[in-house]
Amino acid sequence: MGGKPPEGVRLIGEDGRRHDGRLPHELRPIHMEVGVLNNADGSAIVQYGRTRVLAAVYGPREPHQKFPLLPDRAALRVRYHMAPFSTEDRKSPAPSRREIELSKVVRESLEPIVIAEEFPRTVIDVFLEVLQADGGTRTASVTAASLALADAGIPMKALVGSVAIGKVEGVLVVDVDELEDMYGEADMPVAAAPDLGEITLLQLNGVLSREEFSTALEMALESIKTIVDMEKDVLRKTYTSVEGGEQ
Amino acid sequence: MSITPFRTPIAPSLVKEAYLALLKKGWRPGDRDLKTPRNLKIETGIIEKAEGSALVKLGNTQVIAGVKADIGSPFRDTPDQGVLTVHAEFVPLASPMFEPGPPDENAIEVARVVDRSLREVGAVDLPSLAIIPGEKVWVVWVDLYVIDHDGNLFDASMLATMAALLTARLPAYEESESGEILLKRGTPGEPIKVNTWITTVTTAKIGGYVVVDPNLEEEAISDVRLVTALDSGGRIVGMQKTGMGGLTTRDVERMIEYSIEASKVYFKALEDSIKR
Amino acid sequence: MSITPFRTPIAPSLVKEAYLALLKKGWRPGDRDLKTPRNLKIETGIIEKAEGSALVKLGNTQVIAGVKADIGSPFRDTPDQGVLTVHAEFVPLASPMFEPGPPDENAIEVARVVDRSLREVGAVDLPSLAIIPGEKVWVVWVDLYVIDHDGNLFDASMLATMAALLTARLPAYEESESGEILLKRGTPGEPIKVNTWITTVTTAKIGGYVVVDPNLEEEAISDVRLVTALDSGGRIVGMQKTGMGGLTTRDVERMIEYSIEASKVYFKALEDSIKR
Amino acid sequence: MGGKPPEGVRLIGEDGRRHDGRLPHELRPIHMEVGVLNNADGSAIVQYGRTRVLAAVYGPREPHQKFPLLPDRAALRVRYHMAPFSTEDRKSPAPSRREIELSKVVRESLEPIVIAEEFPRTVIDVFLEVLQADGGTRTASVTAASLALADAGIPMKALVGSVAIGKVEGVLVVDVDELEDMYGEADMPVAAAPDLGEITLLQLNGVLSREEFSTALEMALESIKTIVDMEKDVLRKTYTSVEGGEQ
Amino acid sequence: MGGKPPEGVRLIGEDGRRHDGRLPHELRPIHMEVGVLNNADGSAIVQYGRTRVLAAVYGPREPHQKFPLLPDRAALRVRYHMAPFSTEDRKSPAPSRREIELSKVVRESLEPIVIAEEFPRTVIDVFLEVLQADGGTRTASVTAASLALADAGIPMKALVGSVAIGKVEGVLVVDVDELEDMYGEADMPVAAAPDLGEITLLQLNGVLSREEFSTALEMALESIKTIVDMEKDVLRKTYTSVEGGEQ
Amino acid sequence: MSITPFRTPIAPSLVKEAYLALLKKGWRPGDRDLKTPRNLKIETGIIEKAEGSALVKLGNTQVIAGVKADIGSPFRDTPDQGVLTVHAEFVPLASPMFEPGPPDENAIEVARVVDRSLREVGAVDLPSLAIIPGEKVWVVWVDLYVIDHDGNLFDASMLATMAALLTARLPAYEESESGEILLKRGTPGEPIKVNTWITTVTTAKIGGYVVVDPNLEEEAISDVRLVTALDSGGRIVGMQKTGMGGLTTRDVERMIEYSIEASKVYFKALEDSIKR
């Protein structure tokens, strides 16, 4: 964050529009699809603009490698991982410190919604592969995980969705992309389950006043509602059409 | 350290019996005969930020190849050539059998067979990847990402690699006054020069039969596989026996014969994919 | 790969019941109310050989921060700035739960939250750490060493970091005729310029209550925690939800309120520590 | 592969002989010896010219480290490893990608001949140490492993032997050494059990026409027959003399 | 070792005193304290001059990670580790070869004194963290470990203490610091349990004649007696005052 | 992390009793008295491609040392000296107790004891390994390879190291016009200058007895061992107590006495080996 954007790029134009033409409260074009993989018990691909994340869920199952299982619930295992070709400069495939932190943060965004108590002594695996990174990879990951969990038939209290609010040239904007993240003043990823009224991921990188923070949080929750509605839509369409086909 | 793997218990002997009975009639499940690869779709340019990319669907197997390029130093013994590296990851979302972690022997084998198939015949024109010979060259990475594993990762990986390379564009660049090379990522520059088109064809021996492009179940009941790398002229440019069984000379000859035939299907699909 | 951790069985539900009853009256064990951090002692200069150092005791939690500086190269995209790196180790002497080995996700999270809290607001003046811009800069390491873990490692680590940085002196150095920089370790040179004082305040949600600076037992029975990084003007300069539960908007607002209040206690202790 | 050989070196001379005086179909001087180590259950040293490989076999035994054993047979564990001093430039002792692949390929060359079914839930370890590398280290390894397995008394369907065929200045040659490998046009390592009529290792690096391939394979199998005869000879002599000594 | 000390520094002055004013047989100022950590079962901090080592003992306990326990005694696990900020140049936190060797040597200095037979199938962990390194970190570690074991109530045959003898400009000196180690001719760390008459650690880096060695060993044992007396003192004071406070 | 090892169950107490009875008479199995090392064979030049090499057979223990040299940069604090590194691997073919993987504490200990024994006394003339002082020096690796383990790996390793170094020849080289050093591998150049001959002698304490050069069984029943590095003049140039027991002053003095005596046997064998 910080520094000046490349010449000719205006983060917020005179018309109040962002470098890609969006208004401050506008999401990027979002694409969601479930059941995209054959082997996984559940899968989804989610795109926020050029950011593209593939999610797969396996489980509840017994893990290959021995590790201490939980006696009263399923353990959630989450891996957030970037493909080497997903970034400007090739990313080394070894897990970075950033990936380790984000795996934890994404797992903790899913813990409140998964009903893990139904499957003691098992593991539910959520594998996230960032295929292309253009800002918002963790938020797209949470959304993709939510869909893949649903697709896998894992019982959930609610769906979760995620978006990042940014502050760019003093303006709060929804769903920051890489350029806005890089040259903006703040980036605040939020995940929430609107049907539960719960925030399940909350991070802030950058500086916000007390008031800006409250506004940003409200903007995030509003956009997340939209995203979760899209999730419901996709799931409804997928399963209706499948059931229809089976009749 | 290589250890005898667990045989996936997918295929008990009863299944194999039934399967062999079908093979005897010249057929495989899904109305496929022994010599025909599965349905093949190749989509290129699927990762806009990569220099080149392709998604290959071979039946239910899905592999992505991404090409990234950067400026680097040449190897000491080939100062006037660029550097090409192939790396494969079998990420755990692709199969219940894959675990997170560094590439295992299977992933390494796929990457190295693809790499050698390209390298030995000079498929990628490495000298043209030198920018300032002896000093600065293009370092090109091909990253293979298996995302759904239903058998025959060799052919899917090789096809994805070729399609990604054939459609790749190196980043444009400028030389600063001080001689530094400044990449303009996002602005496509020169393509990567490919001298020869290569494909591999994998055949499996099941009982006394040879089949082309085995799927996962067929791999599980097969005795052994042979990966044959071919150029479009039918020359053999690489080979790898893989799996636990043995082969007779006759098996090998038959496998090569089938492979040359099937390679035409693969080359045709490659050609179609890059036209689009 | 992040895995649901074992809940430490320290706190069976009976304990939690009793605890909630106490919280309801506005109190915590040890005559502490919900908004007050534990007893805080900050001692600086405890490692004479380090460029800066501090030992923070927050209740029974003890964290050492050590600052070391060396000459190195700047990052490509910030050629005119020094390099600051925060690293945390949860060494096994600090807790029966810690095992030897490379930092796990919890240690990495602490280090990265401290790092971002400093970085995003420019707390450490990185441009002034450039010696020869574009070529040689100070590379400054903050190493966090948790030596006794009784909860709230975030705040203890952040306070130790600030106290160590605020009292650090870079080694004096000479430039040789050939332009080489020769460090004179042991001879203190310039201080590290700190533009803004930062602290984090960690709050935990236990049942319907919010408490400041949870100890280990409170962490164990809490649903979730929020780490809020603040500057002395009450601006929010970083935030991290940590732990398995969720938060309502009302929780978050209350947590920030408590945090801003508690940050004053922390800043006061910091100020006292560096005066000495 | 590729490039020009050093000045003054002719890969194929006018008399049809190779740089070291061999004719195309000639093997390098081969030396084999079994029982060279005291601790191992079986051991062998094999030299193809200057290439020197030491093999040791332990087992069937229970492994130290836990790993999933096979219920119906012994697991074969094979490690192909190069000593740091075996190569021109010192080799780092950490296993390279090449060593990992070759361990697999060598294991798979032994799987068809070892009667592993006799020892379920055990492991048979084959450790290969390349002491000096001058071309053909994997082929010498297979031969050494075959001898060490026999020396360890592991039941086998047949002995296996191995050799690499090369193409050098257009000529197919037997048992390529490092120089021929480096500047030749193709290198094709083959292992086989002549008594079973089975090829157990087959790789090709380089380019061959369909016809060249068939010729090369035939040449390989012929040389392997010679090598396996040498193995038998060594084993016969070793065990006869031991038995003689025991009388 | 070897090389010349920095200008102006005299390792042995004309008055026979060392660079820091000590006489050859003098120890640095030694500080010991036990019970400095809350979580550990036993703990101690030991300072030899500017060298500072923190020790913690956990156990006898069952280890988290599975590893083969001993049927007839507790296993001793010892980790000697340097904090990144403890040295002139920042030390990488990954365990170095030196740390691995010293962990072994320190463990073996404790094995003869711990009565491990009382706790079969358990582990006793001794964690040593060098907070500041100024020569003698392994000897201060042994002393700190001895105190922390006692503080943890682990049954011991005797206390152990440790010191290094150096040879500096031809003179044998007690308790070498970093400067003397760096420019001296020999460094001989010794640990012993005076009450048992047993030497439990003995290393020599550098050159000594047969006679010098015997003298050095004698000097070491004498100083160790002093150090162990200090240990007893600290333990007596700590536990007396605690008991006193409890009355 | 160092952990109490499993005692190899080779030697139950009955065996030890019987053994001690024999020791009491001044003998060990195989008609060996307490002070005499096992049969020692040293063969040099066994790896033609290495700069130097030796195979040592000490009883049934076999260790190979290989010396490789390359051009590299000197260490910052010794710009005018070459670099010598000793590395030991206990490869799994040497013993049923060895597992594949990076060197464990035992292999590291052997390498470091050998290294220090050479280094502290300046046995290898490092200044003569500087090619262009401050810039280019010889980097010399001694790699120890234990291939059969029947005890006393220290002495076998040290002897192999010395024999390999004493017979090593650095590669010949040319300086190109641009100042680059071009190695001519295969053409032997200068020998490595050895200033002092060093050996270690390992003694073990078994019950009240001291024995020289313990074999594996003796190591298993011994209480503790002492490795004493000596030069040919009888000076002590290194020492390492290894193993779990303690030593009295009297033990140590006796062990040194035995070691000095036995070192003569080792030096003689070394001398013979390099003459050949």
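All chains are identified by letter, namely A, B, C, D, E and F, in their written order; residue positions are counted from 1 within each chain.
Quick note on the criterion: contacts are C-beta pairs under 8 Å (C-beta built on N, C-alpha and C of every residue); 3 or more make two chains touch, one makes a residue touch a chain.
This structure is a prediction, so every number in the text was calculated from the model and none was measured.
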Identify the chains adjacent to both chain B and chain E in the sense defined at the top.
none
Path length in steps (a step moves to a chain that is touched) from chain C to chain D
3
Neighbouring chains common to chain A and chain D, by label:
B
Interface repeat test, E-F vs B-D, A-B or C-E, passes over-half contact pair overlap for B-D
Could you state the distance in Å from the CA-based centre of chain D to that of chain E?
52
Between chain D and chain F, what is the gap in Å from one C-alpha centre to the other?
31
Provide the C-alpha centroid distance between chain A and chain C, rounded to the nearest whole angstrom.
27
In chain C, which residues are in touch with two or more of the other chains?
1, 100
Chain E touches at least 2 other chains through residues 79
So that we know how the chains sit together, what is the shape of their touch graph: line, ring, star, complete or other?
ring
State the ordered list of ring chains, commencing at chain C and continuing via chain E.
C, E, F, D, B, A
Contact footprint of chain F on chain E as seen in their complex
1-2, 67-68, 70, 73-79, 95, 97-98, 100-101, 103-108, 111-112, 116, 123, 186, 188, 192-193, 196-210, 213-214, 217-218, 221
List of chain F residues in touch with chain D within their complex:
47-50, 53, 60, 62, 64, 66-68, 70, 87, 89, 91-96, 99-100, 102-103, 141, 143, 145, 147-150, 185
Going by the contact rule set out above, which residues of chain D touch chain F in the complex?
37-40, 43, 50, 52, 54-56, 58, 61, 64-65, 79, 81, 83-90, 93-94, 125, 127, 129, 131-134
Given the complex, residues on chain B that touch chain D span 1-4, 6, 105-106, 108-109, 111-112, 116, 120-122, 226, 229, 231, 234-249, 251-253, 256, 260
